[in-house]
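Reviewing the structure listed below.
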Amino acid sequence: MREETRREAVWQFLAYAFILLGAVLTLVPLYWIFVASTLDEQEFLSTTEPRLIPGDSFLQNFESLQARGNVQFVGHPGEMTQYVDFGFGYVYYDVWHLWDLGALESSIFVAVVYTLLSLVLCSMAGFAFAKYEFRFKKPMFYAILATLILPIQLLVIPLFLLMSQIGLTNSYWAIILPWAANPLGIFLMRQNMRSIPDALLESARMDGATEFQLYYKIALPTMKSSLAALAIILFLFQWNLFLFPLVILEQGKYTIPVAINQLVGAQRVYYDQIMVAATLSIIPIVVLFLVLQKQFVSGILAGSVKE
Amino acid sequence: AGTGDPNDDSTQQNGGGGGGGNGTSGSSTTEGPAMADAVEVWGWDVAAKSLDLINDPYVEEHGGEVTITQIGRADLKDKFKSTLLSGSGAPSAAMMESVDAASWVDTGGLRDISDWLSESGIKDEFVSGKWGPLEKDGNTYALPWDVGPVGTFYRRDVMSEHDIDPSSVETWDQYIEEGKKLPDDQYLLNLPSNDYDGLWRMMFRQLGGQPFTENGAVNINSEKSLQVARILKRIRDSGVANDLASWSSGWFTAFGEGTTASLTAGAWMEGTLKAELGDTSGKWGVFKPPAIESGGPRATNWGGSNLTIPTQVSDETARRAWDYMAYTLGQKEHQLTMYEEYGIFPALKSTYESDAFDQPNEFLDGQEAGRMFADIAPEIPPYRYTIDTPAVTKAVNTHFRDMMNGGKSPKEAVDAAAQQVADRTDRDLA
Amino acid sequence: MSTITLDTLRKEFDSGDERIVAVDDIDLEIRDGEFLVLVGPSGCGKTTTLRCVAGLEDVTSGTIRFGDDDVTDLRARERDVAMVFQNYALYPHMNVRKNIGFGLKLSTQQSSADIDRQVEEVAEMLGIEDLLGQKPKELSGGQQQRVALGRAIIRDPEAFLMDEPLSNLDAKLRSQMRTELQTLQHDLDVTTVYVTHDQTEAMAMGDRIAVMNDGTLQQVGTAEAVYRSPVNEFVADFIGSPSINLFDATVDGNRLDGPGDFGYRLADTTPVEGYESVRVGVRPEDIELVADGIDIETKVLEPMGNENYLYADLGGHELTARVASTARPSPGDVVSFTFDEDALYLFDPETGEALKTKTEGERPGEDGHVEEVVG
Amino acid sequence: MATQDTASQATPTARDRLRFVRQSVSHRLPNAGEGLVGYLFLLPALLVFTVFLGFPILYTLYLSFFRFEGVSNETVFWFDLGFFSYELTRIADLTFVGLNNYTALLSDSLFHQALFNTTFILLVQVPLMVALALVFAVALNASFVRFKGVFRTVLALPVSANLVAYSTVFLLMMQDAGLVNYVLTSVGLPAIPWLTSSFWSRMTIVGAVTWRWTGYNMIILLAGLQTVPQQLYEAAEIDGASRFEKFRYVTIPQLRPVLLFVVVTSTIGTFKLFSEPVIINGGGAPLDSTITIVQYIYQTAFIDFRLGYASALTYVLIAVVSLLSAVQLNVGGEGDA
Amino acid sequence: MSTITLDTLRKEFDSGDERIVAVDDIDLEIRDGEFLVLVGPSGCGKTTTLRCVAGLEDVTSGTIRFGDDDVTDLRARERDVAMVFQNYALYPHMNVRKNIGFGLKLSTQQSSADIDRQVEEVAEMLGIEDLLGQKPKELSGGQQQRVALGRAIIRDPEAFLMDEPLSNLDAKLRSQMRTELQTLQHDLDVTTVYVTHDQTEAMAMGDRIAVMNDGTLQQVGTAEAVYRSPVNEFVADFIGSPSINLFDATVDGNRLDGPGDFGYRLADTTPVEGYESVRVGVRPEDIELVADGIDIETKVLEPMGNENYLYADLGGHELTARVASTARPSPGDVVSFTFDEDALYLFDPETGEALKTKTEGERPGEDGHVEEVVG
């Protein structure tokens, strides 16, 4: 029995060691990005030995990033032009101009809208694939899966054409809608929803639930963890989209990857500003993760059926 | 509903002549066919900034409204090509590198400006070497902007410390010999293994070489190409060359610290060096690139852009865009403004007479480098960029790397490269 | 509130490359407001039949009618039935209150307060009023089962389908729930199909009992009918606990000769006419220990409190007898027994068909309450 | 229950009224046979899918039988109703070449090289990454581990790092005198030519991609782990299973659908590798040993403007990867899962 | 094969903000090789106790010893116990063969062929030999339960823990399995803790029976002891089916006066000395219908085949009687009953403690086989 306690301790130690090692290896490049963001560009470039102590130029780099003419990274208060004159003073009311979006806010906005929309579409489709029988189910599933492979590099041209035909160029919808039915998300939901016991759905049917109610009253709540994972996937997918936003969006609407790429000049790469932008752009994701990972509650289906 | 072209009567071909407008000459817009009010021009980096300088004078004189959109170079290309290929969303005019010109022209997405060009009569004012890739079947698709006359920049302090006098160097072989005076941890120049084609093209052009013959056969295994390959091989073998990826941070660092002592590049490089390595100001000098063989030509080019108008924009917009282009690129004083402010080296020959080129350059320790480049510019041999330029780039890089590793002799390398290009592009060998 | 009619209902499953016939052409009419109990050995197809009625399984062939409506192709929620699942199938993310109220919430226009009140009533009836805030995984097996039950009985459906709804409850609670269910069913007058493996429950609750075996329906009738007048050996054997004692006997005129000492002279030989041998059945409670009768050797005596079970050896056959708690032979003791001819069962040795059952007057087919289906 | 005396019904609260409205809506929703319900759930996704991706996908397929001859803006169809006018212009001048684009692939050595590179990276990278992700997920699901949230977040962060920034840092780290070699040499190991040898440059890509995507896959697996019934671990524990045996006999089979997901999507991801080799290896250096298929497609389409050929390449890619995924799904027991 | 000792075992659960005491300081010694049956109402903590013994729950306080080893902190797999889960917990991805053989595969060095052979033996014993290739979700409830049972009995553990292992089986199969299990347990001589809610099973199988209520242990003793000599009203009420009839009666000298017509003269008044009122208990089987006795009005007569249950009204109290199947009063009929004083139970009206039970000679504490724990 002491033997076992010892073995348990070894297991735990190994697990911790593994996690810590992983965390450190993961953090090194990220940390370096952060360090680079705090260094003067010359310092960053001229060090031959890797430099691991942060400098103090973060704010300065941030300011030079913000001072760029062609990209706005973080937005700023907008000029509200709509107001009511009460005689004794004005009240501004144009909420859309409360804040002029920078790339950071654009990205957040687009990713949030996209994530919400796509969560709905993907979970519905995944539910259909996991829990219903219908004709052409398999071929349809495989067809959707196959589109996962389509390289965006080739789709850009016809997609651009399509968007301009329907008047969506330079619109956030143009980068939200095409992948709203994300094959990846459909696939994930389908895989996870297979673990919902059929008996659960049956008992809800007996209770008079419509098929749609099965979906949002039974399937969604019991798939909380998977939805959280999917939300992360979708958010990141949109967060990292580059080529199509670059092509379809015009200056002023750029998302983060596009904006950062503008710092890669023909002859000059603004490393300091890139690193500042990259560092800042990680913050929303940290927040997102910390919020969503709480949804990973284990044994969510426990107690439902005897088997 | 019906089929047919609703705009039949106003296609671009008729645009210039039909309206009888001479507003496109760049001097007046008061008459002639209607021009759109607003134009948007895409450019990258300093080029875009330099266009900005001309906006105010243009608007003052010609009216209209000009927006310059600054987009990163690679991004601009992706974005612009997408708009070209999908037939919508393109700007009124955009910057186009000469290297890309042939293939872009070939897409059919660019507007023929030859009528306007001939009408304006400014064609001959540009260095003749620029036109090749901008033309196809007798039509012209872009207006030249800048050229990149090549010079070899060097660290004066490093060279003199080791007793090297670049101004006396005439040929590459000489230069290599001089370079051997440098200690082991210092290199005369950088020969990046990811970018052999750049150096090869520069030297090949210097010799007047053409990648394809006039009837389209692959010519990169010509004697001239072989000469260049041998030189490059000699540089590598002699140990005077560093191998750092171009534009990488290490690459810049090496120049800053003097571990790489010289750099052969377009005239625009001075601006870049100034921006990146400001604290080495005054320690630099420049001389004409060494000749391949004694007495050989020492004029060549690296880089250079043009402005082009997509076909998809309306005629009114195109006319305005042309008007703007002709104004900014075709007029001496504006080109000079750009040169003085951002070091954009004009392709407009008439500018070379200006004493702007005679100013001593502080970064280059007071050297009057402008004049040197201005002398080189008109002598640059033309070079036939085609849609298959990328294939050439690829092939040269691949096989020269093999050659450098000793896997192939120079002869084998150029032959293999030529064969690869021929295979991939369906062309004959010259 | 309607008759449920199963017409040659058949259900097959694909399992790997074989087809399993779970329900084999069943014909059954469950009368309006009737409480029908479905019994049969484990795996005989009770659950599957119930699921077909509920609309949870596509039938392979046959039809199901509610009243005059063919509901065979209707989906579960359109049939308006309530069901207790054998494996509970509780909603894991809802607490007990929500689990029970879910059906009402979905299908009625009642206010939340009303629903809550009803949920509390039901919970009280089931003795789970303290657990309303808990999630299924925090409940004991019996509590889970009661929640599953509550979920069904709160509704006012066309039919109740209950699959062993009390199997995890203790005797006291079970008998209490049984009464409650009966009262409820009676008040609502809802047609009910009730699966149980518990004899007592089947006997006590069912208006009629349907006995299944191996996918086929054996007999449908009142508790008494299936007990006293089984149509075949299987039903006789299955119904009654402890089971009927069954053995082979040769027929010799009016004499039956069985294992060991067994010999019996029949007063009425009509049932065995034409048979050389028959299967003989005697229920344990019909065995009387007498001073002079058929000798058996006591093997085990199981005290049951109010009576004793006696397991004895009859020529290598185990014989079970229910005897008074005062009778206490020790293992090894030889005792002697007899029984009434009235209490004797005789079956065809080949087909298992009943030749004679307990009370001749109530033979199947002659009594209106007894229907017979031989599988 | 039975006692629904409607008279005593309290006046419904606002929430109830909302519920009734929802109820009447949802009960009016189409309620056709099961076969149709599946379609109805699919409909929104399918609609978005066909509207936005259908045309590009079909157009690409169409293109793969043609040679692109340049842009065209000739009008092929128009009408003008006064208040509404429509003009459809031809997109491109195309020459039909039949299957030529596909047959040309057979002798395209660069394509073969790209396919080889990708396969090579795939064979090393996918197993490595999936194994790592699985171990991390299981470790971070263990009850004894503290600060789970922080660790999960840290491990999953790389995927959010900006591509340019992270590639730059990788480039710096992997240089001959970079951090990695610095560490290697300081512990007495030889320096490795991470960027210049064809083998090691592929390994650099493997490293970069693994670094970036392991945490992401871990998150997915972690979500999958939550659906594994706890009672199975208890049963296994009683059966005497060790930690590893529980992992082997309970976790793995229960996680199978999600594992399949991870394997299939990682495989696809590897086939779609593009940015990393471009930035870290300058587009295929050394000697085309890191050029990937998508990179080649990009080059063909965007640099060489051989749109037809690029489309054919794409469809071959789809065919190859679909085949591979189908094999994975079937080997992974999709059939009876 | 060792004694299992629970020493003030306590288990609390956190549920939301309250703490639920599932097992409340239980002391219990299960002897080496003993077959102990744990009974009690649903939710009383049987499963939780079992899971604590198995090592699947961390105990809140108290210790568990196997023989002399304190195993409280040991993990389940080191305790070497086999368990049948109330909710089966079959491995869904393994077929029946693998499910059953899994434990052997992991914990022994036997060859696959050996294991296979044993699996087949066990499957045959359980009557599931045809299902070896099937997956759990293709099985009926009873079949699943048998697989779960098979998984436990194939092993040769220190202890068997079985949680209602037969609850989904029909009577016939159940009694058959019961015998099999007993034989097996006897052969292996393995200490066994067996949870059931079935009276008969508890009585028939247990060497001793432990009665739990609300987390506490009420009484441990032989079947007869808990039946005849319950320590308190709860045990008396819980054990026995139908349940004992219980009502209040005032004590007036040697006379007990209860609801309705109830009046009884005690021969021996010692038990009631000092009490003004007591709880009176009479088991249904001790009630005899006589011509002249205490009058009751028949309400329901439930025919059980071999006997009838009579539910009658005694001054507003329901009285249950087990009567001969020949006795058939109709609802509304007034009948009359009596009982022996020996058969009378008396309890303290406040504490519920037993004052008099059936056989005075076997009062708890006086008999070596009976232990008593009052909760």
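By written order: A, B, C, D and E. Residues from 1 in each chain.
Assume contacts are C-beta pairs under 8 Å (C-beta built on N, C-alpha and C of every residue); 3 or more make two chains touch, one makes a residue touch a chain.
Everything quoted here is computed from the prediction, not taken from an experiment.
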Chain labels contacting chain D and also chain E: A, C
Touching both chain A and chain D (chains): B, C, E
Comparison of B-D and C-D by number of C-beta pairs in contact, larger one: B-D
Centre-to-centre distance between chain C and chain A (centres being mean Cα positions), rounded to whole Å: 58
Inter-centroid spacing, chain B versus chain A (mean Cα positions, whole Å): 40
Gap in Å, rounded to a whole number, between the CA centres of chain E and chain C: 23
Euclidean distance of C-alpha centroids - chain B vs chain E, Å: 95
For chain C, residues that touch 2 or more chains besides their own: 75, 86-87, 106, 138-139, 141, 155
Touching two or more other chains - residue numbers and ranges from chain D: 31, 34, 91, 168, 172, 229, 231, 254, 302, 307
Multi-partner residues of chain A (at least 2 other chains): 48, 157-158, 161, 210, 213, 261, 263-264, 269, 271, 299-302, 306-307
Listing of all chain pairs that touch each other, if any do: A-B, A-C, A-D, A-E, B-D, C-D, C-E, D-E
Residue ranges of chain A in contact with chain E within the complex: 1, 4-5, 8, 306-307
Contacting residues of chain B [partner chain D, same complex]: 1-7, 78, 81, 84-87, 103, 106-109, 193-194, 245, 248-250, 311-312, 387-388, 390-391, 398, 401-402, 424
Chain C-touching residues of chain E, taken from the complex the two chains share: 13, 15-16, 20, 39-43, 46-48, 86-87, 133-134, 138-143, 145-146, 163-164, 167-175, 197-200, 203-204, 223-224, 227-228, 237-238, 240-243, 283, 285-286, 302-307, 309, 322
Chain A residues touching chain D - in the complex, by the definition given at the top: 11-12, 15-16, 18-19, 22-23, 25-30, 32-33, 36, 48-50, 120-122, 124-125, 127-129, 132-135, 137, 140, 142, 144-151, 153-155, 157-159, 161-162, 177-181, 184, 186-188, 191-192, 194-195, 210-213, 215, 225-226, 228-230, 232-233, 236, 239-240, 242, 256-257, 260-261, 263-264, 269, 271, 274-275, 277-278, 281-282, 285-286, 289-290, 293-294, 296-302
Complex contacts: residues of chain E adjacent to chain D: 54-56, 75-77, 80-83, 85, 87, 89-94, 102-103, 106-107, 151, 155
